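As written, the chain order gives the labels A, B, C and D, with residue 1 at the start of each chain.
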Amino acid sequence: MMAGTDAGTARLISKNGITALLEALIGEWEVLAPVQLREELAFEPITHASQAVLDFSNTTRPSKNAIFPPCEVLFRYDGQEVHEPAFGRERVVFAMRPCDARSFLLLDNVFSGPPSQDPYYAWRREHTYLVGLACNHPSSTCFCSAVGGGPFDMRGLDVFLTDLGEAYLAEPVNARGAAFLERWAGADSGWYQEADPSAFQRKQELARQAERKLQIGAVLANPLVPSQTQERLESQYEHQLWEALGQKCLGCGACTYLCPTCHCFDILDEADDGSGRRLRLWDCCQFPLFTLHTSGHNPRPSGKERIRQRIMHKFRYFVANYGEIACVGCGRCVRSCPVNIDLRYVLSDLLSDQGQAEMTMNTGQCG
Amino acid sequence: MALAGPEPESIASQPEPVSGPSQGGWEPTIVAFLCNWCSYAGADLAGISRIQYPANVRIIRVPCSGRINPLFIIKALQTGADGVLVSGCHPGDCHYISGNYYARRRFALLKSLLEFVGLEPGRVHFAWVSAAEGEKFASLISGVVQEVKALGPAERLVKVS
Amino acid sequence: MRMETVAEVETKLRELAGVLLAEGKVDVVIGYERGTLPLRTTPCFIREAEAAGKLVWDATCEHNLARYLRSQRGRVAIVAKGCDARAITVLLSERQLARDQLFIIGVACQGVVDRRKVQAYLADRELQQATLAGAQVVFGGEGWQESLPLKELLWDGCLTCRQHTPLLYDALIGEPLAGDSEGALEEYADVAALEAMTADERWAHFSSELSRCLRCYACRQACPLCYCPECFVDQTQPAWCGKTDETTDLITFHIVRALHSAGRCADCGACSRACPVGIDLRSLNRKLIKDIKQWYGYEAGLDPDALAPLATFRPDDPQEFIE
Amino acid sequence: MENTRLTGSPAGIAAVRSEKDVRNPYRPSPAVIRAITVENEARDIKTFQLAFGDEAARQAFQFRCGQFAELSLWGVGECPIGIASSPLEKDYVEFTVKRMGLVTSALHDCEVGDVIGVRGPYGNGFPMSALEGGRVVIVAGGFAFTTLRSLTRYILHPQNRDRFGELVVVYGARNPGELIYKQDLQEWSRRDDISLHVTVDGGDAGWTGLVGFVPDILKRVAPSSENAIAVVCGPPVMIRFCLPVLSDLGFTPERIYNSLEMRMKCGIGKCGRCNIGDKYVCRDGPVFSLAELQRLPKEY
């Protein structure tokens, strides 16, 4: 772990310093922070600092929603007159977890890559500052370190906060983060404290604890190497596990709509007389309509093909196209699956060397 | 305002309602699904006998009140109908014997659920009007228009696209 | 007579499943097996007698397995709680299943755990292990352990359940349990509480509750009675319901989904338990259940030969609402 | 101000455009319908001849045979349609559309002079460099003749003809009324630099041409596979029976190309729905060699 980042000087911010910082931010920017929304914790715009919950495991919905929302207007039109949505404000997603941050790096491959850049994603990505919060206590369903991430992984973030107990260590991760800290937690801000070396040791200690916690009882003991995972899955296309999972899976979209790296979308129009709008909406590969041809033919007709597609896409096809596994190990799909299909066990079955014969208990297919 | 379903055939030439901006001048738009054998004929009778009734109503003729799918009513509310009226034959008079009996249960549950979710009572109306009740039809329409006008423009379940 | 422990019920279940498979009476037994998370089980499809040992039975068997019946071929045995059996009865009355292809293993059920009540009780502590011991739930996490009476963590629907013993089965596992008596808890107190609110309050309640819906359709996919080949939500000519996450579209979807289960829903709660964001979806269905019972004296899934309420009528059906 | 609940926070595309002049790949260019030709007796297949509204859009729309575009109707939606005209026909672009679903039906209700949107061109198109210098065998069935007609016209163009060897076209439809591009067929039948074989599954009184399924006619025509490439498009059943005929004639999988049908939305490899294995039909296809398809999972 680096003592301070080379992007700029780290600093300490006291617990009520953070509240003051948030109040200042809210004055000018749209601040999205974890908010208790009846039954769930979700990133929502806050109007004052007290709404932000900073002691939590992870939000139910990923912070991906801030950059790639479930529903957005691509165009509005009146007759043949077409215009694109209006301007938005600078925004900050505050206290997001490292796994969510990594998802943006993965999504960049799709939305900013060739053949053409997605302007809607590009604008939000550019105008949204990502302030991360280290995972001092990863939950038992987290497996970020198994897919190349980590509870103290700073990649994808602008600023990295670590809750040291009585204060937060705020480290800029890149130039943008340094500028953010200078502006909002500068020496003159009243909540700036020198970051002495003991703060960094404390952080490293917390990081080690978090990593050790992730290792206890980890289902995926050793981290997945993208190229090996891709190659292993190439021989697993006809694995009997798919039949079992396809039979048990309800075919709902809970796992995809809570997944930070799912990026499939639909484009459809809504109109009333001559005016209306063209929308981009999330879509889900588990729904039959996703690949249904107008002729009635469906290349993926049943649950078996569809659940196979979801896993092959993230752990084989995405690797073939972009060289990385499209999973950040946040565990949301594990927690939210109504029938408890656990991705960690599915992966360990598929990637275990016993090959097809061995079947652990989760998959439901026996004998 | 584009409505789902067939183009409404108006009986008498109905003046285009003036949707005035101010509350006083605002005129609600009512969509009425009338069963062809009784209520539509009742409306026809009101027209022939020169009985005046508000012009806010857009009539959609259907073979029977039993033909009404709750989705029609919800779609009407979505596309900006401020009020919806469904009217069929009195029980026992149905040209298809039991259409209105089935419809009665369906409408009871629909109205109960819509108002349970919070749609203002008075937005959705159900009635039996026979072919001979031109008078009743006219007063029914006036009553519905008045009630909906009191509630103001529809906001709940309205789809803004 | 000593109350039969859940473990004894489980062993009987495994024996019966083993016999059914060994004697070739059925091709598959659909039941529950231990899940990968605390207090979770997962549906399982057992085809070999030796694997019957995987079957478990306790208060975490929350899924309505009737959801899987329509896609099965050949002879099927299914583990069914009281509410599951009612759903099977509705499917039978709708000619969706062939009774002779079905072997229903009825299980006396004291109610299932409501994972949201457990989460609410734990607040931000993380549940790492949990076991059911008799009438107690023993759970623990990092450096703490507690136990709580199961009754306090039961699914709301189970508190007023009158079919603790399934009405329809080919074999019953576990002693019959008396249903909760009529007066135990005013059965529709939750619906009455919402009805007492004003229209504006109810609209605000349902708008805020349903506006969190992800449109993942877990409620539709978990329900055994939602089996339309093309759901009204997926139709485009005409598009009955918008696909956005605006409140109007979400409320429209849930209203029509509830309407389609009118007179069929057995209130098993599978939809609400499947919802990944914990929306209380049952109140819409229970409002219809209450109305149908009050107006037409009908409850779904009790009698396979009875006509569904919307498929029949009585000349004297109530009609105060009709002008 | 945009309804923030809906979009989280609205995307200021106007800003992005000025900052990086990023052309919005989702924005269709307006094009006017110059002519509509009804192609078959059932009147459910029409060819639309479109001319772009502004010169810049027309210039930007440089395409190759075998590519497709997303046709857009505001208020209805979009649909991916193969480009039927040849790239050398500069002042218009043609699309042949069968009335099937929401957008195609709305398109069929359009008249000459209506303005619709065109987005593209997308897809890889036919392997023109591989086709050059050798024999080209085109096998088409039903109305999937659109992009292959573009290829045929392109090859027959005087500027290109000598760069290609013998051109064999086998085209069939269910009955004479369903044969499309009748004008092209007549023209080509009068030429000597194309070996045209038009067949119908079932003839009728006026029909004097070949009768028989496309695979059988292909077997009878038996084009030599020596320095030849075959391009096959049509209903899956036709392709399934043509492939063995071609391999018997010596066509190796590397030298048999196929243009695939797939459900598509974005057309630029982002919306994730048109994949076969790790290949996206809109970006890496729609034209694949049989060898490539054999390496991919059978999910198309």
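We take it that contacts are C-beta pairs under 8 Å (C-beta built on N, C-alpha and C of every residue); 3 or more make two chains touch, one makes a residue touch a chain.
Just so you know, these numbers come straight off a predicted model, no measurement behind them.
Closest chain to the protein centre (all Cα atoms averaged), using per-chain Cα means: A. Look at the CA centroids: the one farthest from the centroid of chain C belongs to D. More contacting C-beta pairs link the chains of A-D than the other of the two pairs A-D and B-C. Centroid to centroid, with C-alpha atoms defining each point, chain A and chain D lie 38 Å apart. Taking each chain's centre as the mean of its C-alpha atoms, chain C lies 50 Å from chain D. Distance between chain B and chain C, defined via averaged C-alpha coordinates, is recorded as 38 Å. Residue positions of chain D touching 2 or more other chains: 6, 101. Residues of chain B found to touch two or more other chains are 159, 161. Those residues of chain C in touch with two or more other chains are numbered 242, 244-246. Those residues of chain B lying in contact with chain C across their complex are 4, 70-71, 74-75, 78, 91-92, 98, 101-102, 104-121, 125-128, 140, 143, 156-161. The part of chain A that touches chain B in the complex is made up of residues 270-273, 276-277.
The part of chain B that touches chain A in the complex is made up of residues 1-2, 79-80, 159, 161. Residues 30, 45, 65-66, 69, 71-75, 77, 80, 82, 84-89, 91, 110-111, 115-124, 126-127, 237, 263-269, 271, 274, 276, 278, 280, 283, 285, 290-295, 297, 299-300, 305, 309, 312-313, 316-318, 320-321 of chain A are the ones touching chain D in the complex.
Those residues of chain C whose C-beta lies close enough to touch chain B in the complex are 194-195, 199-207, 232, 238, 240, 242, 246, 248-249, 251-252, 255-256, 258-259, 262, 284, 287-288, 291-292, 295-296, 309-310, 313, 315, 317-319, 321-323.
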